[in-house]
Amino acid sequence: MVEAPATEEGWFALHEFRSIDWDAWRNAPRHERDRAIEEGRSFLAHREALATAETGDSAVFSVIGHKADLLTIHFRPTLDALSTIERSFENTALAEFTTTESSYVSVTEVSGYVSDAYFEDDEAEIDDGLRRYIEGKLKPEMPDDEYVSFYPMSKRRGEEYNWYDLSFEDRADLMAGHGEVGKQYAGRIKQVIASSVGFDDHEWGVTLFGADPTDIKDIVYEMRFDEASSRYGEFGQFYVGRRFPPSDLGAYLAG
Amino acid sequence: MVEAPATEEGWFALHEFRSIDWDAWRNAPRHERDRAIEEGRSFLAHREALATAETGDSAVFSVIGHKADLLTIHFRPTLDALSTIERSFENTALAEFTTTESSYVSVTEVSGYVSDAYFEDDEAEIDDGLRRYIEGKLKPEMPDDEYVSFYPMSKRRGEEYNWYDLSFEDRADLMAGHGEVGKQYAGRIKQVIASSVGFDDHEWGVTLFGADPTDIKDIVYEMRFDEASSRYGEFGQFYVGRRFPPSDLGAYLAG
Amino acid sequence: MVEAPATEEGWFALHEFRSIDWDAWRNAPRHERDRAIEEGRSFLAHREALATAETGDSAVFSVIGHKADLLTIHFRPTLDALSTIERSFENTALAEFTTTESSYVSVTEVSGYVSDAYFEDDEAEIDDGLRRYIEGKLKPEMPDDEYVSFYPMSKRRGEEYNWYDLSFEDRADLMAGHGEVGKQYAGRIKQVIASSVGFDDHEWGVTLFGADPTDIKDIVYEMRFDEASSRYGEFGQFYVGRRFPPSDLGAYLAG
Amino acid sequence: MVEAPATEEGWFALHEFRSIDWDAWRNAPRHERDRAIEEGRSFLAHREALATAETGDSAVFSVIGHKADLLTIHFRPTLDALSTIERSFENTALAEFTTTESSYVSVTEVSGYVSDAYFEDDEAEIDDGLRRYIEGKLKPEMPDDEYVSFYPMSKRRGEEYNWYDLSFEDRADLMAGHGEVGKQYAGRIKQVIASSVGFDDHEWGVTLFGADPTDIKDIVYEMRFDEASSRYGEFGQFYVGRRFPPSDLGAYLAG
Amino acid sequence: MVEAPATEEGWFALHEFRSIDWDAWRNAPRHERDRAIEEGRSFLAHREALATAETGDSAVFSVIGHKADLLTIHFRPTLDALSTIERSFENTALAEFTTTESSYVSVTEVSGYVSDAYFEDDEAEIDDGLRRYIEGKLKPEMPDDEYVSFYPMSKRRGEEYNWYDLSFEDRADLMAGHGEVGKQYAGRIKQVIASSVGFDDHEWGVTLFGADPTDIKDIVYEMRFDEASSRYGEFGQFYVGRRFPPSDLGAYLAG
């Protein structure tokens, strides 16, 4: 059996994809819509406000296309906190006008492929820059007012190309090459990688943030030529959207 | 890692597939139907009228078969404009009688395979013909009164035939051969290619327009024998329909 | 690139699979049921009556199993005529009690594999027998009171067995062998082959008619051993049913 | 082209999987529930009572798990009889409380693999034991008060392992080995094999009956190691349940 | 044909995944909600209380994400007991507010791979430690207040890597290696393996329990590098949740 990478986990993540019941919305009396907007706004704003470097982060995004209208992403230190958030939303008047179309459960993760020093060195010897880098991966912040792309992925276990049959070194080399492509997008694209092994249907959830949506298209396309993706990547559904502040919820629903 | 092609992006595209709730339509009082027709017509006509070479294009099509009744295609300079259109439609009385069955989000794209001169030459040296050709790909117009076929596609990453493992030259050769087939249909078929990498579930959305639907069948069939498709193409669902002017919406709904 | 076969197209085909809303039917007052039966009968009878060798053909079938209750097949010279039929049905009182579960859009086709003389000879030299044979393929009639089987299919583009990579001669040989099996069922099974390339999700729709349903089972099973199917056939869902005259619609719905 | 086996067909089979609308059931007044139980019981009892060695067989089973609550299996000499049964059920008050989740249409079949003597000898020379064996396969009875497992299956047409590319002798050998495993379960497991080629989405429907559900698990598991299954079997969804007499319908619905 | 392992079966298992109809819950009057909570609590508490080492075990879990809200797991000596539990729940007022989204039917199993001594020795010679170990596998208890992960899986029957084509010794070696990984999680992860061959759509259902959800992620991830999984494992959907006592049902539903 080949060696599995060491991993360290950070915040748990819940991605929720909801559609608006536009027929019910259109026909609801104004005071019901106002209440739904206010309770939805308040719920989202509180989740964002409570979120700090210690306690997680939350954000809401509009999603383009029929698969969903709203995406909410929550990062929290425990699965229980995510479960509470999921159920608390159902107590808001906004929930009456939404249906949960999909979701994704994962936990942020760094692995020995990308930071072996972090895993192998004495804790005292890890330099502060690396420590901050790892911290940023495990407790990620979500940038304001940017586009988002989410997709789940797994590594292929084909009869010829089987990621889980490769030696640790081969996998580490492939991940390093993959990282090189990513570095070219530094400052333009921020990514959050979270493991869903044992939690959800693919092995990882990938969330990309960027101020220009064509950068998102470009990085995913360019990485597809990288062996780690071209030979070993298997992708689920893709969602694209844009973050908005909870105070804009009323405007969003007004069309 | 093999070389990814240079790309340039133009308008973002939203394809929306909607079905009519015929039971509700049949049972609605005449004034409600009239209002739905008028608001739907007005919405579509305004989207088409506002569209210019600078601001995009919009069109509505009847779709044959159970997968949808109406297809609307919108090209716009930003994802935000598409998001607004999507939600604005929900404010019309026509939306009450429709369900969004599917959609596709993409961005028009030209790549270095087909126009390397465009990407490699000094900008000043690019001749006007090429510039107009590229412009037509990035800011496409939709022809009146013609049949449409839409399908999403990806390039295969099989264990033996893996597009993303081929050298740039091999891919460029395959795309050139693919283009040769297309040229035989010049004047009869117009195609819009838009990338959905990072945005939607396949890698590209293909929209074909033609005055004769058998030309659509013929070009897709003939291209299937081309190696770029036969060995490397993976196709999603196909939709076929015909454009109609928004002023015909009432007649369309009358059966 | 290998050679694509020449093709000639005839009538467009629409297969519609509908289920009955039995709960609504059971609970509807008699006069509503009577009206639904009468309007449904009239719609179907008129579509059949209007159909002639010049204008197409229509038929209705009961379907066994949960996938659908009714199949209607329409052959018409244009896609537009099919679109009109599809929407006209929604104006009948019967539509209130049905849901469209699936459909298939295609166009009848003959190809150079089976009748190269037809495509290569001067038109004047084509003998009348061949001309009538081709005409029967392009403008097919539907036999009365017989069983029907419908299924969509594509040709495999596997990494080892790729139909679209074979030479024209190899494909023609395989199709000829396939035709030999079919000839053994002459007089017992009638088949309609229609291309859905660019129109629907598989490449062809196959409709088989026969007075004995075990003949349908036998021909599909025997052909599966033929290389054209065993190595290169990929099949979608299968439906089986029996034609009935529109005048029997009331009896059909009575159980 | 390799040789297809000779086949002989018996009764047509309809498997119907229905779920109970428990919310409607819970809320229905007692007299409606009583009527539904009585009409359902009567429908099922009559279908069973009418069934004889000449006219078919019928039985009802409770199904464990969410895929269905009730399975009814009907064997009849014609597809038309099955179509009538399917629609007649919709006239009962029980139908109001059920939804048809799935179904399977097939015809019992014996083939030249397992009984070549039957197909090759003069009819006069076939011994009575074989004749009775074949008769039992083509006109199967359903045992009382036993567990049932149903699953559809097809033979693989892979690029390396392709059942339909094997010689008749190789297939006959594989089927003989398969039969050897089955014989070890004689007296404990009874199986009904019915072809659905041209009728439904897989090639065969398999129905197993046994007094001990672990025998069902054991025979399917053991057969999976047999080459006919391990290399060539492709399986659909599995359902497990238990037969009950129609007179127990009320008790079944009472929970 | 290669040798199938000897197996011994214990309790049958039913996993039920239900979602809450939050819209109905939100709008229900308080007394209806109270009754639903009380009947749900009582149903679950009685199922747990009645469960002993002789009669089975039951537990309820909250599930994170859209696939379900509640998971109930029942172990019982017979399929009939599970069928009764499934239907009894529908008689509670809580059922009105839930929909069954998915389920899994299986039977706990030990096989000759892991305990050949148990299957090959005289019964008298089996030592008490092994007997207790086996007993714990066949009649598993569910730990309190811990996280749960459930997923169905099958062994691959690929054209190159085919589990069911391997010799018994090769399979036993692979299972032994698999077990080695598991032993590293002793005390942290408890697993229940149950066969669903002939009963449900995959071959086994796997249920993991652990006090720390990252242990669940880690064991599944590490095992994926083991050949028994990397080359031969095929996985269905994954669910993650946490056990709670029935007395907390009201708090759970309050959000």
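Labels for the chains are A, B, C, D and E, by order of writing; each one numbers its residues from 1.
Following the convention adopted for this analysis, contacts are C-beta pairs under 8 Å (C-beta built on N, C-alpha and C of every residue); 3 or more make two chains touch, one makes a residue touch a chain.
Just so it is clear, the structure is predicted and the values come from calculations on it, not from any experiment.
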Task = Specify the angle of rotation obtained when superposing chain A on chain D by their C-alpha atoms, rounded to a multiple of 5 degrees.
result = 145
Query = Residue numbers at the chain A-chain B interface: does the shared fraction exceed half, giving same, or fall under half, giving different?
reply = different
Query = Counting in whole Å, what is the centre-to-centre distance of chain A and chain E, each centre being its mean C-alpha position?
reply = 29
Task = Let me have the rounded angstrom distance from the C-alpha centre of chain B over to the C-alpha centre of chain E, please.
result = 46
Request  = Note the residues in chain C that touch 2 or more other chains, in rising order.
outcome  = 159-160
Query = Quick one: do these chains touch in a line, a ring, a star, all-to-all (complete), or other?
reply = ring
Query = Which bits of chain E are touching chain A when the two form their complex?
reply = 20, 22-23, 25-26, 62, 64-67, 147, 149, 151, 158-161, 177, 181, 208, 213-214, 216-222, 224-227, 229-231, 233, 237-238, 240, 242, 252-255
Inquiry  = For a test of understanding, state which residues of chain E touch chain D in their complex under the given definition.
reply    = 1-4, 7, 9, 12, 14, 16-17, 79-80, 82-84, 86-91, 95-96, 100-105, 107, 157, 159-160, 162, 164-165, 195-201, 203
